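By written order: A, B, C and D. Residues from 1 in each chain.
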Amino acid sequence: MKSRQVYMDHGATTPVREEVLEAMLPFYREHYGNPSSLHAQGRAVRRELETAREKIAEILGAEAKEIIFTSGGTESNNIALRGTAKKKGTKGHIITSSIEHHAVLDVCRDLEKEGHPVTYLPVDKYGRVDPQTVKEAIQPDTFIISIMAANNEIGTLQPIKEIGSIAAEHKILFHTDAVQVVGQLPLDLSKIKVDFLSLSAHKFNGPKGVGALYVRKGVRINPIYIGGGQERKIRPGTENVPGIIGMSRALELTSTGMEEKSEKLSQLRDRLISGLLKIDEVILNGHPEERLPGNVNVSFEHIEGESILLSLDLQGVAASSGSACSSGSLDPSHVLSAIGLDHHTAHGSIRFSLGYGNSNNDIDYVLEIIPLIVDKLRRISPTYKPKAI
Amino acid sequence: MKSRQVYMDHGATTPVREEVLEAMLPFYREHYGNPSSLHAQGRAVRRELETAREKIAEILGAEAKEIIFTSGGTESNNIALRGTAKKKGTKGHIITSSIEHHAVLDVCRDLEKEGHPVTYLPVDKYGRVDPQTVKEAIQPDTFIISIMAANNEIGTLQPIKEIGSIAAEHKILFHTDAVQVVGQLPLDLSKIKVDFLSLSAHKFNGPKGVGALYVRKGVRINPIYIGGGQERKIRPGTENVPGIIGMSRALELTSTGMEEKSEKLSQLRDRLISGLLKIDEVILNGHPEERLPGNVNVSFEHIEGESILLSLDLQGVAASSGSACSSGSLDPSHVLSAIGLDHHTAHGSIRFSLGYGNSNNDIDYVLEIIPLIVDKLRRISPTYKPKAI
Amino acid sequence: MYNEKVIDHFSNPRNVGELENPDAVGETGSFKCGDTMTLYLKVEDGRIEDVSFQTFGCGAAIASSSMLTEMVKGKTLDEAMEITNQDVADELGGLPPLKLHCSNLAADALHNAIENYRKENGI
Amino acid sequence: MYNEKVIDHFSNPRNVGELENPDAVGETGSFKCGDTMTLYLKVEDGRIEDVSFQTFGCGAAIASSSMLTEMVKGKTLDEAMEITNQDVADELGGLPPLKLHCSNLAADALHNAIENYRKENGI
C-alpha cells in the first residue's frame, strides 16, 4: 500500500537531524553533571550550557542573558503572558489576535476570566492583523500586546515589525509567538522592537520538550513555576541539558545559509500550491505571498479534511487538517473561521507543511495522488455536483 | 592530579544509562512524529507514549490515566500545589514541612502571599515530621498537605503512609514530593493514600527535563500552563517523547530487583558513614536508619563545606554541600537549620549521594582521601584546636 | 487508530451514490461537527431491496455509512428500524472513542429514510 | 570556576597558622556567610617582618588569605593599609563574581591587625 513515505507535517513537528543528535549524545553520556553543581562534572556542563545560550542569542541578534530556556513553545508563551500579568499585580488590558495558537489564546481567555480585559483583534481574509487596528485597540491600561510572527495553520506572516514599533511608542510590552518562524526565516531581534519571543526546538529539527523565551534586557517578569534558582529564577528546575544543546545546534544548522534555504522551500511550496489549485473548487488559505516558506493550506470543497488525511496517510503522506474531526474537538479551526471560511469549507482544509528533507519528488508524488483522492471522496459527497463536461 | 573519578552526587543528578539512551534514540530518529498527529507517524509515536505511561503506572501501582508527564520535579510540584489551589478557587489552609525542596517551599510561600495561610511543620533533630503534628495542624479549611517522601539533603524518610492516612481521614488532599525516592526505594501507590506524587527522571538514571505527576483518579486540578489538549490539558505542549520513553525505561531498569539493589546501596552508605564518623568531630546529619539508601550527609566541624568540596573535586570526587558559599546564596541550607545545626556546623556539611555505579572501591577511595583533606583544612582553621595526644 | 475493517470500508465504500428513483431518502447532519449523510432506499414488500449513500464526513463517518448499507440490504423495515448507531460501530469492529460520535449519523439517516417512506406511504 | 593561581593558593596556602608572640592580631568575620579569619603580624621598624593566618571559609576565602600574606610581607604599615580586598582578588587573577564577597575578609583582617597594633603602641 504505502509505496512511499512523504512527511509534510513539519508544522506539527520535525525529525531531529543526525548532527543535532550527535551534539546531544555526549550530554547523556560523559557530561551528565548538574550544571548547578560546583564540581568539575557540573562546571563542564555549565560551560557548555552557557555556550549554547550565547550561540542562540547571537543567531537571534540578542544577548545571552536575554535567553531563558523552557520546555517548549507552550511554556514560553505562558510565561511571557502570565509572568507579565503576575509582575504587574493589578488588572490591565491585553491585546492579541483571534488567530493565535491556543497556547496564547487560551492563556488570554484565562487572564480575561481573572479580570484582565482582552481585545481579540480580527484578521483580514488572508489572516493578517492590520497594525492600524492594534493602534486603535490600545487603552490607557494596555500592558501587553501578543501577536504571533506567523500562523501555524495558514502560514500567514504578521507585520510584527510595525506592531512592535507601535507597542514601543506606547510603552506597551510586545510578545510574539515565533514558534513557526524560528528556523524558517531569518530573525534579527536587534532590529525589531520585541520584548518577548517564544520558540520551540522541535519545529526546526531539534528535540521535543525544549524551547526558549527571549526576554528583552531590563524587562521584568514573575516566574510561574517556583523553586530553584535556574534560568534567573524565571524557569527553575534542573535544566534539560541535552535538549538545550540540541536546540542550539539545530538553530545553528538551520540558520546557516537560511536565505537560500527559505528561497528553495518557497519554490517547493509554490509548486505545490499551483498544482493543487489546478484541481476544481480548491481554495488557498492564508496570504498568497506573505506566508511561511513551508506552509501550504488549501480547502477542498465538498469533502472533509480527516477523510483526505486518512487517504493521504494510506498512501504514505503525512499532513494535517483544521477539520473538527481531526482535532478531537467538534469545532473547526478558529483560524479558518477567523478568515471567514464557512464550516464546510473549513472542514475540508488540509495543511501540507514542508521542511528540511522535502524534495521536488515529494511534491510530484503528492500532486499525483491528491487529484485521485479528491475525486474519489467527492464521488461519495452529497454536495458535490461534477461540472458538465 | 585527578587520580580517579568518583561521582557521589546522585542526589543532584545521575548519568543516563546506556540502555535508557538506546530506548530513546529511535524517537529522535525514525519515530519523530507528533503524538497528536493523525497520520501513521503520529499514531506510532502515540502508541509508544501510552505504553510508556502504562509501564510507569504499573511500576508505581497506579493506573495509566493517573500519570501526567511533565518537564521535571519542579514542574510536578508546582502543578500539584498551585493547580489544586487554582481549582479550589477560594483561599484555604496548606500544611507542609520546613524542610521541603524549594520547589514546594517557595510555591507555598507564594501561595501564602496570595492569601492562603500555610503551616510549616517543624522536624525533629533527625529531620522527621511527626504525624501527630500534622494532625494537630489541620484546620477546618485545610485543603492540601504536602510532605516530601525523602529529603534531598539529609536523606531522611518521612512517614508518608501515616500522613497520607491522616489526610484521607480528614478528606484533605495529600501531595508528596518523591523525587528522591522514586528509583531508590519501592513505592506502591495502591497501598498508600496519596493524591499527588512528583518524580523526576534524571534522579534515576533517566534524562533531564522530564518527570511525571501522579494524580489520583477522580482528583481534579486546574492546569497552570494552558494551550493544547495534551496530558488531559493538565500539562499542554508537544510531549517530550524521547524523554518520556527514556524515563519509562529508566524506571523499569531501576525497579527490577530493587529491594536487593537498595540493600546493597545501603551497605555502601553505611560503610561510608561509619568510616567518616571515625574522624574527630564529625556529625551525621539525618536519621541513622530511616534514610535514603544512597544518602550520606555529615558535618565536619571547624571547616567550611565549599573548601571541602573543592579539595574533593581536585582529587576527582564529586559531592555537594549545604554551605552558603556553595549555593550562591548567603544562608546555609534551610534543612540543616531546621534540624538545629548552628551556622558554623551547617557550613561544614557535605552530602555524598551514592547511586548506580558506585562501588566499594569508591568508598575506599573517599575514606582514604577525606581524613587528609579534613586535617589539612583544619590546620588552617582559626577555631580548631587539635586534641592533645 | 482505525482497524482494518474500517479502513476497508473507507477505502472501498460499498453502495456509493444516488439511486435512481429511490422509494425513500433520508438525511442527517451533525450540525456541530459538520458531517452530513444522505441515504437512498429501494423498498419492496416492506423489505429493503437496494440502498446507497452519500456522505460528507471523516473516515469513521464514511466507513459507518458504507457498513450500514451492507447491514440493511434485505432487511424488513421493522428490522432496519432496530439498527442502532452502536450496532454499526460494533459491526465495524469498533471505532476510536473520540470517533464514536462520527458514526452516529448512519443509523439516524436510515431511520429518517424509513420514517419518510412510511409517512409518504401512509403506513 | 577558580583559576590556577587561586587553586594553587588554596591547595598550598602560604603562611598558615599562629605566629609565636605576634606583635599584632587582626580578626574579621562575615556574619552572614560565616567565614572568619585571624591574621598575625610581626612588625619591626614599621615594616611587616612576618605574617600568618587562620581562616574558616571557602576556597576563595582561603586563597585570598594566603595571597594577602604574600602581598604584605616586607611592606610598611602605611603601604599595607592601602591594600584593598580588590587588590587581593586582582593579584589572584580574579575570582568568580559570586565569590568576590568571600575575598572581602583578607584586607579587612589586615587593616584590623594594623589598627590594633597602632592602638596598642599608641601610634
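As a working rule, a residue touches a chain if its C-beta (ideal position, glycine included) is under 8 Å from a C-beta of that chain, and two chains touch if they have at least 3 such contacts.
The model shown is predicted, which means the values in this text are computed figures rather than measured ones.
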Key: Approximate Å spacing (C-alpha centroids) for the pair chain B, chain C   = 57
Key: Separation of mean Cα positions, chain C and chain A [Å, integer]   = 40
Task = Two or more other chains in contact with one residue: find those residues in chain B.
result = 38, 306, 310, 326, 328
Ask   = Which residues of chain D are in contact with two or more other chains?
value = none
Query = Touch graph of the chains shown: is it line, ring, star, complete or other?
reply = line
Key: Touching pairs among all chains present in the structure   = A-B, A-C, B-D
Ask   = So in the complex, which bits of chain A are touching chain B?
value = 2, 7, 9, 12-16, 18, 21, 24-25, 28-29, 32-34, 36-42, 71-75, 77-78, 101-103, 106-107, 110, 200, 202, 207-210, 224-229, 236-243, 306, 309-310, 312-313, 316-321, 326, 328-329
Chain C residues within the chain A interface of the complex = 2, 7, 10-11, 13, 16-17, 32-38, 53-62, 98-99, 101-102
Remark   = Per the touch rule, the chain B residues reaching chain D in their complex are 302-307, 310-311, 314, 323-326, 328, 330-332, 343-344, 347, 377, 379-383
